[in-house]
Amino acid sequence: MPILQIEILKGRTVEQKREMVKKVTEAVSETLNCPKDAVSIIIREMETENFAKAGKLRSDNN
Amino acid sequence: MPILQIEILKGRTVEQKREMVKKVTEAVSETLNCPKDAVSIIIREMETENFAKAGKLRSDNN
Amino acid sequence: MPILQIEILKGRTVEQKREMVKKVTEAVSETLNCPKDAVSIIIREMETENFAKAGKLRSDNN
Amino acid sequence: MPILQIEILKGRTVEQKREMVKKVTEAVSETLNCPKDAVSIIIREMETENFAKAGKLRSDNN
Amino acid sequence: MPILQIEILKGRTVEQKREMVKKVTEAVSETLNCPKDAVSIIIREMETENFAKAGKLRSDNN
Amino acid sequence: MPILQIEILKGRTVEQKREMVKKVTEAVSETLNCPKDAVSIIIREMETENFAKAGKLRSDNN
């Protein structure tokens, strides 16, 4: 039943996402003691103008 | 005041979304006993490469 | 695959939640054309001091 | 550590987002007594056909 | 229509939340050019054992 | 910058959460090629009456 929402900046390849969901699902399944089938993952990708830290848009960083 | 966030895969028509928010709002309003005006719904659409089940991207399913 | 997150104020009974998830799942399943088995719902309950509208906590309303 | 998720309709300029994250971060930092560095903000933009109020898509409003 | 979800650690007073939602709503309203009535805020409070940074639970920090 | 929100049912120990955030952070860091310091995780725990699958509350399962 674990449901994960993962926010990342745009720019990762499908291959990176494929590896990420595989490894993260294994990590959750092993540590929480639940079948891998029970783990759902939603990935959300952001433009750098849609993320801010310390009051500053990421797209404004040099 | 109920606020709903609904994650779906891309590919539904506007007509399907229109029917969905109408019916879901009625269901929430009737069962929770609140006016329909109070119900907000956010729909988020995902590419199949951004959803995973059992450690596998949906886009990798055959 | 639809995943719903529903934010409500505290105070509903289990019976109300039971009816709500039943009716909402039917509404989503019929309008989006997906099996009911595919619909997951997360309910989150808030204290009135954790919701604000127009800059004012709900718990401050008379 | 405050993490904010802000859902808005599409159509704002980068300049508006820049001002928004600056002012919101100051407001959070001052009132919750935490350094601005600790505040992260995720902005999510919606099409008007992906937001509904009172059972009606925003894109159907005249 | 802006909807904000704000995640904070437990321990703030109601007075701090009251000030926070007031100031954040003003900041959003002014910069995005929308009425204050349109701004909804959900606050979610976490135990320190439910937040992690760099792979370490906050409750394990000294 | 990856920010993860992980929804689980109540009942896990702090030790399980500690292992989970450690392993998940390593998995994200390795596959997305980002420092572990950049990974934040929010854990949210649900009562079984606040999760539903196929229109049925988890608390109603036998």
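In this document, chain identifiers A, B, C, D, E and F correspond to the written order of the chains, with residue numbering beginning at 1 in each.
Just so it is clear, contacts are C-beta pairs under 8 Å (C-beta built on N, C-alpha and C of every residue); 3 or more make two chains touch, one makes a residue touch a chain.
Quick caveat, the model's predicted, so the values are computed rather than measured.
A.B. asks: Among D-E, C-F or D-F, where does the E-F interface recur, judging by over half of the contact pairs matching in residue number?
C.D. replies: Having compared contact pairs by residue number, the answer is C-F.
A.B. asks: Need the CA-centroid distance for the pair chain A / chain E, whole Å please.
C.D. replies: Distance between chain centres, rounded to whole Å: 21 Å.
A.B. asks: Taking each chain's centre as the mean of its CA atoms, how far is chain A from chain F in angstrom?
C.D. replies: Computed from C-alpha means, the inter-chain centre distance equals 12 Å.
A.B. asks: Where in chain D do residues touch at least two different other chains?
C.D. replies: 3, 7, 24, 26, 40, 42, 44, 51, 53
A.B. asks: Once you've mapped the touching chain pairs, tell me: line, ring, star, complete or other?
C.D. replies: other
A.B. asks: So in the complex, the part of chain E that touches chain F is made up of which residues?
C.D. replies: Touching chain F from chain E are residues 7, 44, 46, 49-57, 59-60.
A.B. asks: Of all residues in chain D, which touch chain F in the complex?
C.D. replies: 3, 40, 42
A.B. asks: Can you name the residues of chain E that touch chain C in the complex?
C.D. replies: 14, 17-18, 21-22, 24-26, 29, 36-37, 39-45
A.B. asks: Give every residue of chain D touching chain E within the complex, in rising order.
C.D. replies: Result: residues 1-9, 12, 16, 19-20, 23-24, 26-28, 30-33, 51, 53, 58 of chain D touch chain E.
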